[in-house]
Amino acid sequence: MENNIRIAEMQIGQAVQGFYLVNDIRIRVSSAGSPYLSARISDNTGVMDAKVWNYSGPISENENGKVVLLQGEVTEFNRTHQMKIERIRLATEEDHYNLEDLIPVAPIDRQDALSEVFEIIGSMEDDDYRVFCQTMLNRHHSAFQSLPAAKSVHHAFLSGLLMHTLNMLRAANFLAGLYSEVISRDLLLAGTLLHDFGKEKEFLCSELGLVTDYSVPGKLLGHLYMGAVEVAEMANELKMPEEKSMLLQHLLLSHHGQPEYGAAVEPQCAESELLSLIDLMDSRMEIYAETLADTQPGSFSGKNFGLGKAVYRHK
Amino acid sequence: MENNIRIAEMQIGQAVQGFYLVNDIRIRVSSAGSPYLSARISDNTGVMDAKVWNYSGPISENENGKVVLLQGEVTEFNRTHQMKIERIRLATEEDHYNLEDLIPVAPIDRQDALSEVFEIIGSMEDDDYRVFCQTMLNRHHSAFQSLPAAKSVHHAFLSGLLMHTLNMLRAANFLAGLYSEVISRDLLLAGTLLHDFGKEKEFLCSELGLVTDYSVPGKLLGHLYMGAVEVAEMANELKMPEEKSMLLQHLLLSHHGQPEYGAAVEPQCAESELLSLIDLMDSRMEIYAETLADTQPGSFSGKNFGLGKAVYRHK
Amino acid sequence: MENNIRIAEMQIGQAVQGFYLVNDIRIRVSSAGSPYLSARISDNTGVMDAKVWNYSGPISENENGKVVLLQGEVTEFNRTHQMKIERIRLATEEDHYNLEDLIPVAPIDRQDALSEVFEIIGSMEDDDYRVFCQTMLNRHHSAFQSLPAAKSVHHAFLSGLLMHTLNMLRAANFLAGLYSEVISRDLLLAGTLLHDFGKEKEFLCSELGLVTDYSVPGKLLGHLYMGAVEVAEMANELKMPEEKSMLLQHLLLSHHGQPEYGAAVEPQCAESELLSLIDLMDSRMEIYAETLADTQPGSFSGKNFGLGKAVYRHK
Amino acid sequence: MENNIRIAEMQIGQAVQGFYLVNDIRIRVSSAGSPYLSARISDNTGVMDAKVWNYSGPISENENGKVVLLQGEVTEFNRTHQMKIERIRLATEEDHYNLEDLIPVAPIDRQDALSEVFEIIGSMEDDDYRVFCQTMLNRHHSAFQSLPAAKSVHHAFLSGLLMHTLNMLRAANFLAGLYSEVISRDLLLAGTLLHDFGKEKEFLCSELGLVTDYSVPGKLLGHLYMGAVEVAEMANELKMPEEKSMLLQHLLLSHHGQPEYGAAVEPQCAESELLSLIDLMDSRMEIYAETLADTQPGSFSGKNFGLGKAVYRHK
Amino acid sequence: MENNIRIAEMQIGQAVQGFYLVNDIRIRVSSAGSPYLSARISDNTGVMDAKVWNYSGPISENENGKVVLLQGEVTEFNRTHQMKIERIRLATEEDHYNLEDLIPVAPIDRQDALSEVFEIIGSMEDDDYRVFCQTMLNRHHSAFQSLPAAKSVHHAFLSGLLMHTLNMLRAANFLAGLYSEVISRDLLLAGTLLHDFGKEKEFLCSELGLVTDYSVPGKLLGHLYMGAVEVAEMANELKMPEEKSMLLQHLLLSHHGQPEYGAAVEPQCAESELLSLIDLMDSRMEIYAETLADTQPGSFSGKNFGLGKAVYRHK
Amino acid sequence: MENNIRIAEMQIGQAVQGFYLVNDIRIRVSSAGSPYLSARISDNTGVMDAKVWNYSGPISENENGKVVLLQGEVTEFNRTHQMKIERIRLATEEDHYNLEDLIPVAPIDRQDALSEVFEIIGSMEDDDYRVFCQTMLNRHHSAFQSLPAAKSVHHAFLSGLLMHTLNMLRAANFLAGLYSEVISRDLLLAGTLLHDFGKEKEFLCSELGLVTDYSVPGKLLGHLYMGAVEVAEMANELKMPEEKSMLLQHLLLSHHGQPEYGAAVEPQCAESELLSLIDLMDSRMEIYAETLADTQPGSFSGKNFGLGKAVYRHK
């Protein structure tokens, strides 16, 4: 009975029936005096505004982030699609739907990715750095494997942080070899692994794991600082030598490269310089990947806010 | 026998005999093949280059920052004064000189200033903030009362940090009253007291207490971060509520006002906004005071590097 | 009969009857062919869009800024409130309403404030500056006590300029004492009093006194220049010494601090430097006050355009 | 007997005898204990450092800007030429020398240039603007025809302001025709004539007319403001209509084009926009002329500080 | 029967019948389920949104840029005019309408303008530059006389490039005389003629000649580069001396003046400096002309995006 | 007999005899009237000023860049070393010295490096790009293997361009695999190989191959443009498809990343974005390598001009 049409594939005029996530729920009264519900529905292919006219329940405003079963028709409003919902209810335990169709997830095998991270970390020769990284990985095991890397912009899906960090570890591993004259592989790998751990405290996530906002400490202190403070505390606990603790803190504080991009201090050693470039590279390449996926070969995308420009997908 | 002429008052051609600080000692061989000593001598009124020609001792290159007794003549080189030293030796315990004539010291009564700081802090109504500040003051008692506030630029003399902090506390105290609608007096005073405590780790000082350079952690981490980390640790120790700890850390991290001036995050509450302006105001007013002291009424100073411009002393 | 519900407290669906200010009146024909009136109504708590459908009078487009009596219902349009007016007419002399409920006014006692300004000015020791200020105050008495300090951004209410200037005079008075080594109290107070007098020519105001736009000279010349020119002329008239006239003109021309913020020249003496910081501080503190008044404790405001950022109201 | 070799043509080792300007006179004692005089000599082709060793008079330090007769030899010091003076005395009334060989003067016929300025101004159709300009020209007749246009950078020679203004008037005259659809010729010509009149008060000049420094009002108020204030006063005197006075003041206040280049307000009408471009164009073309005169065809100049770059003289 | 009311003159409520250009055609279904057509119509006086409700043909989405005959009524939507179309069909060969009323065209006589360009070019004394320019003019004859100079911003009408280039040639011709000391007239004229020839490849034009978008090479390479490459190739073909070819390429590459305005290199000779200023001047003057045409004397325009500010039309 | 002490290891007072490069030769007369020769001598470890007092030959000013045999003593002048030469003559064919000790050369095996470049290029799958690259490699074989990558800043030694390009090819090869979703390996490799080929025309080199200056076309057109033009011409010759030629030109024009760093256009496809980051990374890592080589572990370098900051070499 359900057709569960993917949001990215909906056409104006289509009848739709299926399970979707609901957010931004607002119940209001129209100028004609009748109540209606306004919300945003999503699956892992996209997002759409939705309305229930002459609304009488049963969803309330505090059900954001939950799964609903709905029936409706795709209409057009203000040059974009809008779902005109005719029936809606919360999904229950008896309902059969695939949560993975609703939540965007990194296109990686999570277990393989985690194993590879542990393997790279395990190959570090310096005991201090290796034990430090392993301790941190174990302590943050759960968040590290599921957190998105951002609220939007890039890697804004489950396990986005894992995917971003693994990609960067691979690049760091290779580049530490290419620039072995100036780069301490272990310091670079340690800084790469830990550079975004502070995001665990910076993000507010929905029940299903997506970033909905920044936390108050996230805004007032920032993930660079919070990550560095945890490094300082853990280094004390593990009695890591001062110089190594200081270098790791420096790599975290400087990984945005320039003060105007949010760096608390400028990179001042070869490893922090390289880490900031690897981070820039991986985030830009992911933005290209996400942007060009929606662009026809031989044409330009719309203006992307993360890059500040439109980009070309060649033939 | 000693004339101890003040460096600021020396004239070309004058014979000089007295006690001075010596720094930047270098022993070299001239192109004519004879050894000479090159150094910089200072008292609390100024600094001058000095040479000992045909040098045969007894000062060595690692006696920087010590007091010497010298005899010489003021000459001119490259349009500035230069001391041509004829005799020189290290001062000993038997020598009678006034150390305060050699080291620049803040023009305040140190005990009165400290008392006033304790009094203002003691007047805070919030127990958490007051106890926190008192504990920090006691722990850093010695450094806080003697440290300069900067290497150069402004308040670069003994007790400069105390003078700068006290001035700012007075301003904060008044302005908290003027803007009581939005300002929590206790938070503002606590942030003001602590804003530069991280400088204790940021500076390298000579034996006599002046800043000679920045420490390695000072450059790689910065005093904003190091100060905030200590606040975080101490807040844990004293079990200060999370919100208060976070706000204090935020005030320290943001007190430079803008990322391009070194702020790790931008001020985002009324107290951090005001603290950054009070800091800017007090440092600028001190630069004016130091600059205009050397400027004739009705004329302009030379270009000041801290302000980036020449300034006018009116009649 | 009238309920005069405050705009800030209106709820969707509520029936409203009362006196409000009307502005932006436009009479149009809908795509369905029927005439309607579109306008904005306000009281001293807020502003709301309003419509009269099937409009047949009696308000015309040139009645902006006047008081009307209306009856209608609060509806919702595009996620904000909109007043659907059923009846409307101009208020007459017989109507009883409180003009102060309609126009936002500074939260100060105007007479007390004026007295305090005169008192501070009266305490100046330099006859030239004091007489100059008193003459200017007398000449601009009326505008000075009623003008807003801005069109929006901060202090955009009746007597806003008086409130802003008095706050700044209090701060200047205190800080002149704190920095008495470099600050001439009389010059600073004179510059503070006069710094925004040019706004009288810069603003276009409605009949009831609020700023509706900038005047043509306001845009082509600016209030810094116009204020300084009047100082130059008055100084000639009063035969104030050249140096004092020049310094006062300099304080006015430079009080925005930096060319990119509108300063005609950069501050180049201690008093102009301090004045520009006091002005910055008072305008920022007022923006915080106005913004945080609408923000819940423990949460962030929306992005404020004057500050260029969202701000946090702590618990 | 005199050879009066031009400074630009002097060779190392040459014996020189002749009349030159002297400046920056300082009498000092060498480290060897003997007195010497240090100064800078110039003619209209260049400038050179000079020394008189074992100096015993008769020139004193307050004879800057005067003409001397000297005899000496061209030596080398620190990779540039230096005059080793053997004899020196002040020129007297009996001496025969050509002042024009010593002072750089604009390469124009001053009378012809003035006549052309008067002719262009005389051709203005609007009585208000024409009379205004003629009155200003008559009042400033003497300074306008002899003042340099700058201290250095460009047109830093006698009558430089006249040459700069005339060139700009010619360009304005032509461009007012080309853009007659948006440009009022009379307003543009009036603004062009008057745009730098404020420099008369901004400069301090030597007895012979060259700019030696900026005046105190020049620094604290600037020539844009001082020029505009005089326009405002004169317009009152001549009862010029408000709009015309305001426009002229606006052209003066905005002629540097952008706040970061010193404009007090941005150009906001077609004439002020065009005036700022003509001023930029004429000053840049003169810098090219002065720079390329010292550059070989087919090669680059040294870096020019006015332009911020080296420039190419093509073959 | 047709009234062909000019778009700039339409009033709400007016009945309209006539020929217009149609663009941005989209056929959609309303939320009420009925199809409608949305498009933009234009003539040489302006542009307006248009709707056909209950649409059943005969225009399809790929008829953009064609001429239609329509009948409808001017309504208001969202504070601007909107055409409610009742009848619409494509214009045919039998229809009588004036294409020049629909397409905006430069207000010049195209033949006179071309002749003047050829005449100025013909007056060049250097055979290399003259023959080069004449060859390029002949090769690009057709595009040069009809291309707009921009997509919007300025000269965005047929023959806009011709008008812009001719104006600049006139200015260059005059200014080459004024600055003959540093300017090679022939080089400046050649660079002026050719500076925007690369736009032929940078623009995508509609059938009727207006710029609808930038081409892919236009975005990836830019008209400065493409113009310079063609100069390099043609110079090889015509065996123009290396230095002259290089200079011409340099003038094209640098004519936007500064890297942040799109210059590939900075101007480094007098002619490229002057060319960049003439281009700036002519484009700004045209923006003023287009903006002030819609502004009442004595008032300000709306904010213009090309200039980044509102501008004043004086009385 | 020769000691050939390395310049980096010379001590004040040492007697030196050996072969060195000579540059900046100037023959002058001292203020005492005697001739002397001033020059700079170098080997592959450093550079030093040198003087020959009472000079009578046999080196003349146009022997720059040649090898000399000299005998002298290391003295000190102005706080740096200076060679006081007692004997000097040009090296002849009979002399035995090792040219490689005098000229700095990349620390790579040139043949191995070239082979690896050819191998990577040979592995490209796209025939157009591969053949294009091979043709360009063959045409520029000689310059490509010996040219420095810069005048100073980084890789300023023989074969520096080869070393820089090979490093970048290795990184590009790896990263094309890591980001294979968005990166065309062949396009990225082709752009990487060719990105600096334009430097062959941008540099002026000494007889022995080091960069002494920029050429005139190098300054007026830049290596980005000159490289892209050659690509355009060669693509025509080889009949490479338009899209591929355009993309390659785009990669060359944009490889400096941002206009303010010299990019003629911004990167607008994934490959140009990545190329600009790889170039930035390799040049920064080389600057770190060259800078840290002269820095003690646990301390900071002096301020590096390429990086704009001092950097830390950790323990």
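Labels for the chains are A, B, C, D, E and F, by order of writing; each one numbers its residues from 1.
Note that a residue touches a chain if its C-beta (ideal position, glycine included) is under 8 Å from a C-beta of that chain, and two chains touch if they have at least 3 such contacts.
Since this is a predicted model, take the numbers as computed values, not measurements.
Undergrad: Which chains lie in contact with each of chain A and chain E?
TA: Per touch definition, common to chain A and chain E: C, F.
Undergrad: Could you give the fewest steps needed to travel from chain A to chain F through chains in contact?
TA: 1
Undergrad: Return the chains common to the contact lists of chain D and chain E.
TA: Output, common partners of chain D and chain E: C, F.
Undergrad: Please state whether the interface between chain D and chain F is built from the same residues or different ones, using more than half shared residue numbers as the mark of same.
TA: different
Undergrad: Determine the centre-to-centre distance between chain A and chain B, using the mean Cα coordinates as centres, and give it in whole Å.
TA: Computed from C-alpha means, the inter-chain centre distance equals 45 Å.
Undergrad: Quick one: report the Å distance separating chain C from chain F, using the average Cα coordinate of each chain.
TA: 62
Undergrad: Which chain C residues touch at least two other chains?
TA: Expected reply: 216, 219-220, 247, 268-269, 298, 300, 310, 312.
Undergrad: On the basis of the stated criterion, which chains touch which? Give every pair.
TA: Per the contact definition above, the touching pairs are A-B, A-C, A-E, A-F, B-C, B-D, B-F, C-D, C-E, D-E, D-F, E-F.
Undergrad: Touching residues of chain B toward chain D in the complex: what are they?
TA: 12-13, 75-77, 79, 82, 84, 298-300, 310, 312
Undergrad: Can you check the complex and tell me which residues of chain D touch chain C?
TA: By the definition above, chain D touches chain C via 216-217, 219-222, 224-225, 228-229, 232-233, 246-247, 249-250, 253, 259-260, 262, 264-265, 268-269.
Undergrad: For a test of understanding, state which residues of chain D touch chain E in their complex under the given definition.
TA: It is residues 167, 170-171, 174-175, 178-179, 181-184, 187, 243, 247, 266, 268-270, 273-274, 277, 280-281, 284-285, 288-289, 292, 298, 300, 309-315 of chain D that touch chain E.
Undergrad: Touching chain E in the complex: which residues of chain C?
TA: For chain C paired with chain E, touching residues are 26, 28-31, 33, 216, 219-220.
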